[in-house]
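Next up: some structures, all given as structure tokens.
Below, subunit A partners subunit B and then partners subunit C, in two separate complexes.
So, the complex of A and B:
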């Protein structure tokens, strides 16, 4: 029994240490973004010799949103002779195919890729196929529900004038933030995640994350690195690590804001969160050791890279921590409970990866100039257990993927726009 | 070029006319006063921590006397914590009967089964919380059903555990709020607002913590120890965290509003 109690206590202390590391990291990011020197993005580069760009738009049953993004891409302020748009129709069974063909007939630079039959489904598979036909030197990716502003392709593409840049990432802003409690909470989370977290990591030369949409990458590098792993659901996180481990970097463009449609339904959000967690943890299993041993990364990049990899492991560790403290409680170890329970909750609340801590979001909201939204901060409490449950399930999925080597199936996020 | 999309509400991107063009949000940082930042950190943290430690014995003495008045059958004891003597009053609690444990076990198990069903109509975030509550009660009732005699706590242990937890909350309020609110250094008034917020939070916490303690002791006396885990894992520090963040939000909002009226600048270029 003594050994069991020792192990349970040791786990609690280890968990506290891990969560404290995240807390310190987020606080440091907050200070850096709040009043540190900001790193310039490449928006000031004015160059007529722009790279050729292929815009890829993965789509699976996107009839509700397809027209919006295509209209906006058609209007894009980028030389048309250097631009092609490849909507990837991935086994759609609704009117997506007809809509894409209609646009392709009207605009010659829209070249849909229809994927049917035996071709495996999934964003990563669609991107791999599209890379084979894309003519652009630079690939820009938008999810189908995004509404890119007119000059954004240029803003993103210009970063590749820096030969060290392997990928670029813009800022995601929910357009339906005011719809309900969930969209409001997701909106303030995104604000913290991009306005503070991503920008601070970019400022500090750490690892800003390529997020798979409102972003782009060099085609030749990605092809050279073997494309996207068909077994990994978080192709964006995987690319981030692939690039850094091969000496490239990700540029973060806080100026490149793009509207997205945030999930309006908790069931949809639960599935999305579980998929993100599963994909991210798959990347963690694959890249934890290479990140640790890499000679291309600096010490602080390794620290940040490891913490970033473990973000979706945290909820699972916290669940174990809660069970651990319940067991300790019934074993009569009241001292450790009295001392640590408050710490456990406060650390757990504050160290959730892209579910940023309250002070980080508060600072981000002030930076964004939306002071009324700070009243939403206490309501993040509603998400606490929800996030722990669904992110933990995602971790378990990834663990089973690792053990069984099973084929992963992409679950598309449901859209809410009225077509 | 004519849009091929159908008109709908997402296209209504509001156009706001502003009298002054401010710093664009992608590159602005907060107006920063290094001295005010350090002054706030030092004053908010040290002054309030000192205040908490200084008043801790008196707070628990007052709470103890109120408890004694409310719960007439309670008795008074004290607990040595570092060099402090913390007084408490507590009524005798009771163990649950086998029937009680069994009823709670069945109820929590049924709740878990219903909540995990696909046809559950409740929003998922509500279900998640209810599942957590049901899980804690399931573990608790299961334990009392099988190991009733081995339950390691008495009402005195509970009181001491609560004392320690509440002390932790008091100590962490200045730390959490001090560190997070010191970031805002728009005006010397920030120090005043932030200090007032921490003071208000501590007052709220002492009232809320006191009422909660008396209520918990009453529940343990009337409805048994089966509720004790829920008192720590559901209605304990998690609830404290909600009002701490609420006071942070309120302070931030009021600060920005008041300073905006005084036409204080919030931003500067970060490059």
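So, the complex of A and C:
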């Protein structure tokens, strides 16, 4: 019994240490974004010699949204002789195929890739197949529900003039922000994630994340590094780590803002979050050790890289911590460390620690000039609980994947746009 | 019983109190629209001048005025961003020192006296500044000669050549066919087919200079600061240069691609950036300092200031 109590208490201390690391990270990023030196993106580089670009748009039953994105991509100001658009029709059973063929007939630079039959489903598999036929030096990816502005392909592609840049990431903005409580909360969460988190990482030379959409990468590097792992659902996070471990970097373009459609239904969001967590944790299992041992990463890049890898493990650890504290409470063993200093730490954490992510989001909202949204921050508490549950389930899925080596199946996020 | 009820109500009230602002925002939806994104945004170095002239042309069309050069001296009310009075002059002298309305010269304009233009100045011919002037913004259809100190707050758009022979502060954005800078000039960004500080032939026009030429092919990215310039011979870089630190380039150096710095850029005494007929850029988060004979084909952009001392 004594050993068990010791282990339970040791876990609480470990959890506190991990949470403290995330707390410091939140504050550091927020203060850097608000008051620090802002790193310049490449949007002001005007150059006539732009790279050739293939825009890939993975699609599975996207009849509700396909026309919107294709119309906008046709309008893009990127030189057409340097541009091709490859919508990847991944086993669609609705009218997606007909829509794509109709556009392909009208515009010679739209070259759909239809995937049916025995070909395995999933974004990562579709991207791997598209890479085999893509002619562009640079690949830019948009999810089918995105609405890219006219000049965005140029904004993203110009970053690849810098030979160090392996991938580029733009900013995601929900277009249906005002639809309901969920979309409003997702909107402010995204604002914090991009306006502060990603930009601060870019400012500090850490690890901004390639997010798999509104972003791009160099085709030759990705092919050289073996393409996307078919067993990993978070192909974007995997690519981020692959690039950094091979000496490349990800550029973050806060100015490359693009509308997306956020889930409007809690069940859809739960499935999306669980998939993200599963994929991200798969990447964590694969890249935790290589990140730690890498000779290409600086000390702080390793710290940031490890914290980013563990971001979807954290909710599971918090869940265990809650259970742990309950057990300790009923065992009457709540005195973990008999020190006033520790008590002070607990008070400080309760005051400032729990406030850290809210501080980050609040700062992002102020930077975006949408100050009324700050009033929604207290409701993030409920989303936080929701995230803990579904991110933890995603971690368990990833753990089972690791043990059983089972085949992963891509779960598409349902669309809500009215045709 | 009422006491218990009161306590329950007080408890619920205090429990919901932190969420009250959120609940009010959910009900009244004061800030529910998505963050605005300009779906038509593209990178246009002539954005300011082009947008203004588009507004002006539209305003004239609305008044059924097709030929601006035939307009008589008048003040007319035009709908630009908002309704405003605009003065139209031919080749007459402008007598006022302080001009509070936008002014349009339908033909060539020579500024012999000092003026302060609080609104836009438009010249549908050539413009010559022979006396010190302060402008908000300047549009010139032909060539523009600056032969006396000139200070611009916002933008300069010259469809022809811009020749600067006196001290000038050109504001935020400069656009011209060619820019010749022959006295101390500052601005934040400038776009032209060619921006130069001297007529002297530099490395791009005179490649067979004495000494051994160092040729570097390909683009490179450096983490710290970099200094380029070889006193023994010219340096030609066929690619782009990206740096996290200061970039100092001096002497017979020709960079055929872009120069990008997260800090400052210094270009001195013989440096050429870009290739004739193509647009390339020198972009810095900090200051860009140009001294002596230097030539840039394309675009200069600094988040702080571009200072040119020929």
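Following the convention adopted for this analysis, the second predicted complex is superposed on the first by the 396 of 419 C-alpha atoms of A that agree within 3 Å, B and C clash if a C-alpha of one lies under 4 Å from a C-alpha of the other, contacts with A are read in each partner's own complex, and residues count from 1 in each chain.
Here is the rule we go by: a residue touches a chain if its C-beta (ideal position, glycine included) is under 8 Å from a C-beta of that chain, and two chains touch if they have at least 3 such contacts.
Predicted model, so just to flag it, every value in this text is computed and none were measured.
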Touching partner for A:377 - first (subunit B), second (subunit C), both, neither
both
Determine, under the contact definition given at the top, whether A:176 touches first (subunit B), second (subunit C), both, or neither.
both
Would you sort A:40 into first (subunit B), second (subunit C), both or neither based on which partner it touches?
both
Looking at A:417 after the superposition, I want to know if it touches subunit B, subunit C, both of them or none. Which is it: first, second, both, neither?
first
When the two structures are overlaid on chain A, which partner does A:184 contact: first (subunit B), second (subunit C), both, or neither?
second
Touching partner for A:239 - first (subunit B), second (subunit C), both, neither:
neither
Applying the document's definition of touch, where does A:363 land relative to subunit B and subunit C: first, second, both, or neither?
first
Classify the contacts of A:329 with the two partner chains as first (subunit B alone), second (subunit C alone), both, or neither.
first
Between subunit B (first) and subunit C (second), which does A:254 come into contact with in this model arrangement: first, second, both, or neither?
first
Subunit B/subunit C common contact set on subunit A:
40, 147, 175-176, 257, 259, 368, 371-372, 375-378
Subunit B partner, complex, touching residues on subunit A are 27, 30-31, 33-38, 40-41, 67-68, 70-71, 74-75, 102-103, 147, 171, 175-176, 182, 195, 254-255, 257, 259, 261, 266-267, 269-270, 322, 325-326, 329-332, 334-335, 337-339, 341-346, 349, 358-359, 362-363, 365-369, 371-372, 374-378, 380-386, 388-389, 417-419
Quick one: in the complex, what on subunit B touches subunit A?
1, 3-6, 8, 10, 22, 24-32, 123-125, 128-129, 131-132, 136, 139, 143, 147, 151-153, 157, 160-161, 164-165, 168-169, 172, 176, 179-180, 183-184, 229, 232-233, 236-238, 240-243, 245-246, 248-250, 252-253, 256-257, 266-267, 270-271
Subunit A contacts subunit C in the complex at 39-40, 42-49, 72, 77, 147, 149-151, 154-155, 161-164, 173-178, 181, 184, 187, 191, 205, 257-259, 368, 370-373, 375-379
For the complex, which residues does subunit C have touching subunit A?
18-19, 21-22, 24-26, 29-35, 37-43, 45, 189, 191, 218-221, 240, 242, 244, 257-258, 260, 262, 278-281, 283, 285, 298-299, 301, 303
